[in-house]
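I've put the structures underneath this note.
Each of the next two complexes has subunit A plus one more chain, namely subunit B in the first and subunit C in the second.
Showing the complex of A and B:
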């Protein structure tokens, strides 16, 4: 049960403890952080990992206007008006980002895209978008992280480096917990890590397999073949994957002998040549393994509410990302309606970038096009994207200054417990105001 | 003579912490502007920490970046690593091959050592 306790001030100003606050830095969404807040500054973040501590302890209210129009300070009302006019005037408006916004704000963003007959896409398209495509192709055998903690005796990480990207993954969910059926915790589990480089995570593995770069697909299909007792050419397997067939055979025996296997996969699969075919191979292997024992697969998700973005866009439109409303109904086509494409192909003529930084993270052709069109940016911090925006809103930080709901990487919704208020509006408030004006300009009643 | 490497951009702790500290702060900028090279490759190419190299992607994008030595055993020779950020994104092509995702890991890059070039030819010195 979350509580906010006020303590007697140590000297002057407020001191409070926020119990079970939720960290939204990564997809683990740890909701057991105890924050000490002094004079609207977080001074302690108990149980937070290195990334969580950086997230909480560096948090400061941005000392800048809540709204800039063409780089000049403006009122919020002026910003909402200009934002709505930009979006309504466009022939191909795009809305992008959303992985660091609460689901309540994501919902409004989808509505705006709908009113505009526009395109909505999230950072999933440059994260686990290819896995989203693979889910549609072969399905997803899945479970919650709680099940992994209580049952998972064989844990595999493929193309993922949780020691640096999700530091509490091992201790809170996948390797260390003493679970209902794993009373000895780590001793009851086997951990296998497959990667093209020996990452910091490799130290945690019982078995580390360093495969050849860009050979994930071949390696996964080797395992698929072994799961079905198909004979393979040892020389060819070694040549293609960089690992001896005997090692793969030993791994498959261990997988078959597991009681509950879980494969966590990262962007080592989705960002490498093959992309959705790589994810599809891993999901198909997981499905195959259920002929022998219980196996599940989960993508390790990066941003705090990127999983929420998938969920919200899916329950609003029927598709998880890359959705176009131009014909009056939602259409899904990665490679066409995804933001990397609508920008790099020079199709979008205006946009709204919400809690994302494409000016730093997109390809050069995409950045150049974004820089040439009017767009709105919402972010809690200054970024290359906010600097180049026609209208830039500085928003309150979700989870620290505002409440709402986020989805953990296993699709479990988690409430946010803010520590203190911000003078800046939440992205929900900004989006609701823009939506009102868009509806008015489009002549929508109600 | 440029040599072909495979570049793996990825997350690091410092890059993640740097996002929270501020993308224009030193920690983040230093992390995303440091190219990790295997020690064997450093030796073979005569590179020292802080030297600059030029990377050219298969799409023709070029960046100049300082090198650091990868932790022993982390990278096999022929593989380069850099934290996600401006440099790694500049090397991506715009084409997503129908997936929405540009190829962002496992990219072929041509590496050219700049440390022996004179500054007036565009080279950087450590």
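Showing the complex of A and C:
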């Protein structure tokens, strides 16, 4: 199992520089951060954006016990024992979260779900799950971010606001870089932003199209029709999308004239009316465009390692999220085995929440049900979810205190270089200890 | 671990050591085959009576797609086929999993082991995603594993060729293999994938077409990389997926690709897909060109091939050949994935169904079988389905039956499209494989082609990877469920039941190169890649039980 410099050098009080550290705060997973570490404190995070700086510089080790059982300080061993007992006693255990853990820990979490005949789900089910399902319908034409940097002369953002959610997206990958086929960088690219509101990103665009709210699907189908030279009724297009047909036509001309187009889409598309039909339309449009020129699409994923979670769950179970093992083998059914559903429907009877906060984010019925069942929580900080947990582990922060592997939103796996050690265990260590006990209680020798 | 095991009374097929079915006893100690116990008084931990059984080295799949980004995308993309597929249930010693054409990692390991295979090589990993492949390998038990590193469309490589800098090229090939912890250089549609990245439906159309912007030809790439590999003395010099895969008339490209090796060692993979006559894309002209190609292979000992057998049924096509994926998705009209990796490679995935009533598909099936039967020297043709492209690796027992039983073969041929008999020579071939020859094309041969000294044979010092079969008239039944499978001296499967599931080793190469040439690579890298130079190489912590395979002497 990978442990790239996973032991951070012991703190010695003096100054230390960690070069090429990786920021896991957003899906950009920038791996070019130079950290200055003084007295177990990061004092400089060179090249990090505002969000990245906040992530590194505000990092404090929680002054809290590593383990609380029923709200009371307990030893780790007590915590591991209790956690395993809770999970093994349940008939419908659920494991959820995973998008802020390195893939090494994600792998152990999937094992635990397997040994328990339980359900494993990731935060993909509440953000880009619809893109995952759209992908299962039509496929995807895509590439790594370096391809966009080197070739992308037409860049479109749809329902995505990278200026705020992925601050270095423009400079590092999509708009500013001088690439192999774009020697003048930004000047060689056209940037189009489509959104239902004028976001902070809009000013980066050469063309900003503000479409009617909840009309992404109609807008995308307008472009699909134009890509195939189908005649459209100008009045209807304007009425449906809020944008004149001529504007769409001009856009399509530019798209066809591009050498290499890239469409990045966000939750503004996947979590609005239409959900996976929207993503499907966008992926299909991208595919259509490949009969004119080269075009790719890419969801702008959020959490640091949500892409790793998709990958790990998929390689171990065959499905990317929402996987149920109740019958002893993996089954996939979003809307049934996804956590918001197993909770809201009152099916789950125990659980483990890994670096996620359903107590803050889920629907009321889901939160109420979670509050009524025994569960384990792992997080680097205190959250509503850790507070209501039967067993709460305070874990070290990945990428700052511990190593491992993170998958960037384009599936490129990147190693972490931790800055200093935490007194708390990593989520990997906690999960391994719980797995050991679960296996013993379930009679597993594998 | 120093378990002492004795296997006695079996008919041993160890063609690498000239043993063809003689009754021999085998001794295993410390996971290796030994001539006899080092301490004759030591207690034997296990005695296995193999009387009446057939004993072979563990199988080696030298070309399959079992790990990494492309395979995993295919898993995510195809939930529908898993619902109908066999279920892999969790047991007290094994993980659960899913099947379909692209099984989950654990299921892949268990199923290979269940067939008596103990080593497998993934054939197409983009070095930028090498870490991912290694992570999956650790979750793919029962097999020793390695992978080939995609480099036939690598920008630095093409530039070094254009600039006529063989020393730089050699250093780069070595650096790249070492960074990825990979096993061999892989060329996929050399040059063509780069053109695909540059323009709509882009591709090279022959071995001498120029790659835009890089001004090199596929022929130069094949020739120069094979020279670099020879100079490095790599155990498996170069693994080539030729240009124009699947296209009518592509056999000439294939022939020219073999010639481009200029006598140097090289392996042409899934050659079935590259052996087609015809030319204008019309189905009527599609025919087999195995006869002239096999004649070339028969007279050129530097060339080895694996087949890429097609079998009828549904599967998933997955390839590092981006333009091919585009072509196939247009032919089949199914969902399509394409993923380009910066500076390095491409990828195409689409569901596919081979039908015996389709002339093209039935010919592909027949052409595959012709390859096994027309290459005279079994040491130079290897069994493969290019899993899952032609079919699943689970079809190997069926292929063995086709090769060992001409009546069965001819009966199936009769169910195919009637023109297959006219467009190929399969109906006229009487050859039947012997068990020794099967042992060669499934283990001894690939071990030799890969330069694996400790695999594919049962002499002292070999890894104790052994499969024991119960003979049966129907060879499909015989090879479908071995009596026993032993991996590194441990019994892992008995009559289809898993007994143990060790993780297995990672096999890789660590060629030396001129470090003074590294800064040039670094300059290029830092100019174009989206990740940092220091974060690119995979370190040993990613590998479970790594083993460096030595260079050829």
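To be clear about the criterion, the second predicted complex is superposed on the first by the 433 of 446 C-alpha atoms of A that agree within 3 Å, B and C clash if a C-alpha of one lies under 4 Å from a C-alpha of the other, contacts with A are read in each partner's own complex, and residues count from 1 in each chain.
The rule is simple: contacts are C-beta pairs under 8 Å (C-beta built on N, C-alpha and C of every residue); 3 or more make two chains touch, one makes a residue touch a chain.
This structure is a prediction, so every number in the text was calculated from the model and none was measured.
When the shared chain is aligned, no partner comes close enough to touch A:189: not subunit B, not subunit C.
In the superposition on chain A, contact of A:415 is made with subunit C only, not with subunit B. When both complexes are overlaid on chain A, the residue A:168 reaches neither subunit B nor subunit C.
Of the two partner chains placed around the shared chain by superposition, subunit C is the only one that A:407 touches, whereas subunit B remains out of contact.
In the superposed pair of complexes, A:362 makes contact with subunit B only, with no contact to subunit C.
When the two structures are aligned on the shared chain, A:151 is found in touch with subunit C, with no touch to subunit B. By the touch criterion defined above, A:270 lies against subunit B but remains apart from subunit C after alignment on the C-alpha atoms of chain A. Counting the residues of subunit A touched by each of subunit B and subunit C gives the higher count for C. Of the two partner chains placed by superposition, A:82 touches none, neither subunit B nor subunit C. Common to the subunit B and subunit C interfaces on subunit A is no residue. Against subunit A, in their complex, subunit C makes its touches with residues 67, 69, 71-72, 75-80, 82, 87-98, 100, 102-107, 128-129, 131-132, 134-136, 138-139, 155, 197-202, 213, 326, 329, 335-343, 349-350, 501, 528-532, 534-535, 539, 541-542, 544. Within the complex, the subunit A residues that touch subunit B are 25-26, 50-51, 54-55, 58-59, 121, 125-126, 129-130, 133, 161, 164-165, 167, 196-200, 210, 213-214, 267-268, 270-273, 275-276, 302, 321-322, 334-335, 338-341, 344-345, 357, 360-367, 381-384. Of all residues in subunit B, only 6, 8, 10-13, 16-24, 61, 73-76, 79, 81, 84-86, 89-90, 92-106 touch subunit A in the complex they form. On subunit A, the positions that touch subunit C within their shared complex are 1-4, 6, 19-20, 22, 31-32, 103, 107, 111, 114-115, 117, 132, 135-147, 149-151, 172-173, 179-181, 259-260, 287, 290-294, 296, 310-312, 314-320, 325, 327-330, 332, 405, 407-408, 411-415, 443-446.
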